[in-house]
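The following pair of complexes shares a single chain, chain A, combined with chain B in the former and chain C in the latter.
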Partner chain A sequence: MSQDGAPTLSRRHFLQAGGLVAVGAHLPGPGVARAAAQTGQGPLRLGFQVHRTGIGAVYGRWYERTTMAAVKLINEKGGIGGRPVEIVAEDDGTDPKRGAEVVEKLAVQHKVDLIFGTLFSHVVIASAPRAGELKIPYIVVSEGYHVASGRLNRYVFQPGITDVRAQVTAVAPWILKNLGKKVTLIFPDYAFGHDHRDFFSRVATAQGGTIRALIPIPPTETSFTKYFPRVPADTEVLYHVMVGPGVLTFVKEMGEHFGARRPQIFGFIDSLEGVDLASPGLEFLEGTYFWEAFPRYAAATMPPHVRFYRERVGVNDNGASVNDPRDVSTFSHMFGCWETLFIIKRAVEQSGYKKPGAAGYRAFIETLEGFQSFPEGTEHPQGPKKFVGRLHQVFGRQVVSKVEKRRLTVIHRTAIEDSMYAPEADYTKQPL
Partner chain B sequence: MTLGLHLGVLALLGGLQLVLPPFHHGMLARIMVLAAYAAGYNLLLGYAGLMSLGHAMFFAAGMYGTGLTIHYLGVGVITGFLLGVVAGLAVAAAVGLITLRTAGPAFLIVTMMLAQAFYLATLYFNEITGGDQGFILSGLHLDLAGRRLPLADPAVKYNVALVVFAACLLLNFWIVRSPAGRILLALRENEERTRLLGYNTPRYRLFAVTVSGLVAAVAGSAYTLLFSYVGSTFAGILYSIYPLLWALLGGAGTILGPLVGTLVMTYLVDVASSLTTGYLIVVGATLVVTILWVPAGIVGGIRARWAPWLP
Partner chain C sequence: MSLEAHLFLALLEGTVGALVLALTALGLSLVFGVMRIVNVAHGAFFMLGAIVTWYVSTLLGSFLLALVVAPLVVGAVAVVADRLVLRPIGYEPESTIVATIGLLYILEQAVLMIYGPYARPVTAPIYFRVDFPSFGYSGYKLIVGGVAAILLVATWIALARTKLGLYMRATQQDREIAQAFAVPVGRVYTTAFGAGAGLAAVAGALIVPVQQAHYLMGLDALLLSFVVVILGGLGSLRGTLVAAFVVGLSDGAVSVLFSPTLAKIVATLLVALVLAVRGRGLFGEEIA
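This part shows the complex of A and B:
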């Protein structure tokens, strides 16, 4: 300070400031990291399209936790191809318009190497064309049939989670054999419900079952009492796939309608992902059955790699956060992020991918299309998988669990082959 | 002078494509299409004084009219675009007739209910529309003067968006300065007085709703062609609220307000969502501050303080 109080710059301050500038210039800021990645030397930058807000926020939260846990593990083990992995996350608001913008932002502005992680079907379908136009691999964890249906393009893959058609195909024979052949379906009257309606009906009728009634529920419905009387009296199995905030009401009113004289009930855990089975109002589910991809509740017999996965992600024995037991995970979906990241690691390392560009992406895509199986273990804790390159879709084992004492107990695991269906697409014929 | 200003803005938008980095180039193409949608909305809200909460049905009518005909009938891009516009025009005219006797909150509620019915219809006819998942239009080309222009090409996308926006902006400009536009303003200020002066107010209301819906359908049709997607989300209530917010932020009742509002809001969401999951709070706070400090919106505020000649 000068004597009159005005700030002045002494020689000491000047040298200190100069030193800070010099040090700062050598620190790798985001721009430096991006530039280094572009030369294939710096971190491998993975764009993560995440539903942090909007209807998919619960899934997005757990997808992000699982992703960060997997990346931490990968980096502890030396990264991918010797390069550390950096996640560049962007929220798409679970909105298809914003989803396409996020793909563009990740690819063009952040200049990431690959994009992955999208869940909700409408966001995937709206974003996929932009990924195809930008010619950047877009690896979704969506569960939808849209990838295997051939509706998307050669840059879109789903190697980390099975699709709804495979899930239904795998469990339908078990339902018919063990619960009954006369089935009534209650489903939301939009695409997710229609997938169940169509695929289950097809498999069930082909295997000697009878669809007694199809009961669609409009998406704006808040009370379900008027739908239950439409369930035929001779129904042996009630198959439900309701999702969204109305699920608790749906279960409560289903219990009030059927009471103790109910048919066998089979549902998909999608209805109750992120929801505690011990929640008030879900008592009626005791003794009913659910499809799960990956058992939410820990069992004494679970293999070490499953225990390891749960510990690394931070999930307790009830499938909730270790930090907050009320924060229940989306356990049957989020493993897809973990497995997808290890598949990316394998594809990058085997293809010799170094940096964004036609040559690197061609090698990455052709390598990924050439994969046939993924063994069960730390990298694939949900179980072994078969990958069909022409469909860009993975197939795996499915689980049937029973609600016992307000927990899900595994009572059946399907084989991978049970879920496989005749391919209807071949992406490998599309040009890159 | 005013026409020169608006042509200058269009020239600026045309010139920006030469200097913008790729990401912002793509963003601006999207913003121009959505600004065209907001411009259509603004014609109704800002000039005729009718607040709609059902404009997504017009946008989606254009989108489905174009998307379904290309997808199922295999028509070309220009034919598909025209069919989308016709679909939007038909829906807008029908809504205009139905809502003739409503005003104020009743108009808002009726348009919202009709739009909700439209949205649910897109879900109900899932087999055709693809429902909530929607469907993709890929490999679209614009055949123009013997040249085959892929709509996926960034330059083609940008310039098609610019042409669409320019057409909507100039249409608004022409209507607002025409005798019909003056009567719309009179309707906004005092419908009863306008009627007593001898004007057929229901006819002008129908005109306002139809043209506003038509412009929204043009934007919806262009959006589906340029961004290759058709889905029921765009018929949802949120997409009826967006143009309201864009018009209010930019300045309802100004020609350039919808462009400014859409631009500011889109970049605000883009930047804020990178920083916080509470980005909607940032958006909401911005709107509240705007309403408190500049009730007429950004361009409206500029007009009030410095440029009273702005239309």
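This part shows the complex of A and C:
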């Protein structure tokens, strides 16, 4: 992929790239050529691996909207390092195998500068090795623990969203103190759910709680009635985290099973991202608690940058699209795309990154690894963050909300430090 | 919960699941029996039934109306597909598999574009919670089971007692002889394909208040329908019904008492076993 060959070869590459840009941007060829000639480099092209179809399509749709809103803002303010940003989006079907192919296509065929945006953990885990082999930075917005665990490689970062282990570590003490000490966990039976199982169990037992039962649910399940009998009768807190189209059924059937005899219930909003809390069948959630990363429902005391963020992305006070109130966003996740793009901007500008290749990527990666914190503001509307370079992982504040009158009301915010754990990995020791 | 309560819940879950499954699989079985084609788009018709139900009950506010409209709309889509796609390729078995895979993708992606990726709920027309001593159960699910049973009986009567049913059975037994006896085989094919899709759509419509309408919901329905139809014997309606109960009840019992993953393993092993011992399925006819 180097362009250091004979002059004729590099001109052909340039023409090919120009053609791709023209097709990708739906712009006439000459305009692009002129823009490229003026800056000497043309736009900074970011490969966006997006779940447009498949089980992650709801998240993908909002990741794309948030990304486009952030890019529009960045370009209005002069782009990144004076270059306009161009998004090259490619659907991975929320499919791990396709995910690895998309990484390859973006890097080799589209020749993008960086790749970002993947959410579902199985897709990340399948795609990351390919990014490492191709030696292209791969910046995920996935919230899985796989980045901080050290299982991936030096090219993979998660600077825009906190990971499950941090979230669980931050809220577990609150759950044990306020809701009860005997906990039963219901979680999806794959990597993301196992992170919850392992880290909640670890933190809870260390702090005097007991895990009464662990109930894994296969990700394709559509009926949940059969799982609830396994919740022990002396359970004080039911901890649930579910993803996928079956979650409404899950909540409804949970309500049907327990009725008024329910234990305290604490869930992760992942279960209900993209779902209106006023939906029929969710009455049962009234009075239960949720973890949120970023409060979905607007509050009267919102800081101006949060209001600005909501306006730019096009989200109303209920966290739904301003164009269609039934189109509910994935509010606690999608801000990760926004924040990631501003971190890319910062890292590109500080490292002096110009074009794909070993030298540029080394500078980019080492600069990003050197970051320590990001202040709250327009670029980081969710809140202030701490970045741990050796883990390639960011840490931030978490929120506990209660369902009241079919809306989520924030009742507790954790500090960044509450979520920090002893690091296990060190990517900076890996060769580039 | 006591063992009795567990068993009772397993029985409830299993029976309701079996009835809905039987209704879905019946359409697939009908299409195979009469037309001798494997309709991979069957799950998409199930999904489409659910989506139409969401539109009708949200826009017009009536679930009961949706229950009538959904099979008609989906049946019409199937008839159009039959005329435009299946008939021109002459119902050739291999080609129809590929064609219906294409149909599946077209329907799924069209729904994704128009309806979107969301799982949207529909309020059940009748909703109550049945409170048993140690657990509660959805009253609507019991009604779904009942309606499915009535529809199954109605389909049975239609096949056994009406002229159209006679035509279908005749076409199933021998297409050429039936044609020689003035059975309009072309129209019977179209009707069977439309009716098969309609049955899947009714099952989809009934299940929406329990499961929500989502553009990928047809895949599971398709898989289980195939299991049931293969187990029961391709083309045998009686076999389909018996197999749906075998699969539904064993799934309910094993997943409540042990684990849902084990239940899927058991169902798959059951199919393998039946195929190994009795290749044509429990009630399948010999295909010459």
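Here is the rule we use: the second predicted complex is superposed on the first by the 389 of 432 C-alpha atoms of A that agree within 3 Å, B and C clash if a C-alpha of one lies under 4 Å from a C-alpha of the other, contacts with A are read in each partner's own complex, and residues count from 1 in each chain.
Following the convention adopted for this analysis, contacts are C-beta pairs under 8 Å (C-beta built on N, C-alpha and C of every residue); 3 or more make two chains touch, one makes a residue touch a chain.
Computed from a predicted model, the values in this text were never measured in an experiment.
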- Query: After superposition on the shared chain, which partner residues are touched by A:386: those of chain B (first), chain C (second), both, or neither?
  - Reply: neither
- Message: Which partner chains sit in contact with A:355 here, chain B, chain C, both or neither? Use first/second/both/neither.
- Response: neither
- Partner chain in contact with A:97 - chain B first, chain C second, else both or neither: first
- Message: Which partner chains sit in contact with A:181 here, chain B, chain C, both or neither? Use first/second/both/neither.
- Response: neither
- Message: With both complexes overlaid on chain A, does A:402 touch chain B (first), chain C (second), both or neither?
- Response: neither
- Query: Now for A:53: first (chain B), second (chain C), both, or neither, which partner does it touch?
  - Reply: both
- Query: Touch check for A:218: first (chain B), second (chain C), both, or neither?
  - Reply: both
- Query: Both chain B and chain C touch chain A; at which residues?
  - Reply: 53, 189, 218, 220
- Within their complex, state which residues of chain C touch chain A. 1, 5-6, 9-10, 13, 17, 109, 112, 116-124, 129, 131, 135-138, 210-212, 214-217, 220, 252, 255-256, 260-261, 264
- Which part of chain A faces chain C closely enough to touch in the complex? 53-55, 57-58, 60-61, 189, 217-218, 220-223, 225-229, 233, 245-249, 252-253, 255-259, 274-275, 279-281, 326-328
- Note on the structure: chain B residues touching chain A in their complex are 21-23, 26-27, 30, 116, 120, 123-124, 126, 130-138, 152, 227-229, 231, 233-234, 238, 269-270, 273-274, 277, 279-280
- Interfacial residue positions of chain A with respect to chain B in the complex: 52-53, 90-91, 93, 95-98, 100-101, 104-105, 108-109, 121-122, 125-126, 128-130, 132-133, 144, 146, 151-153, 189-192, 194, 218-220
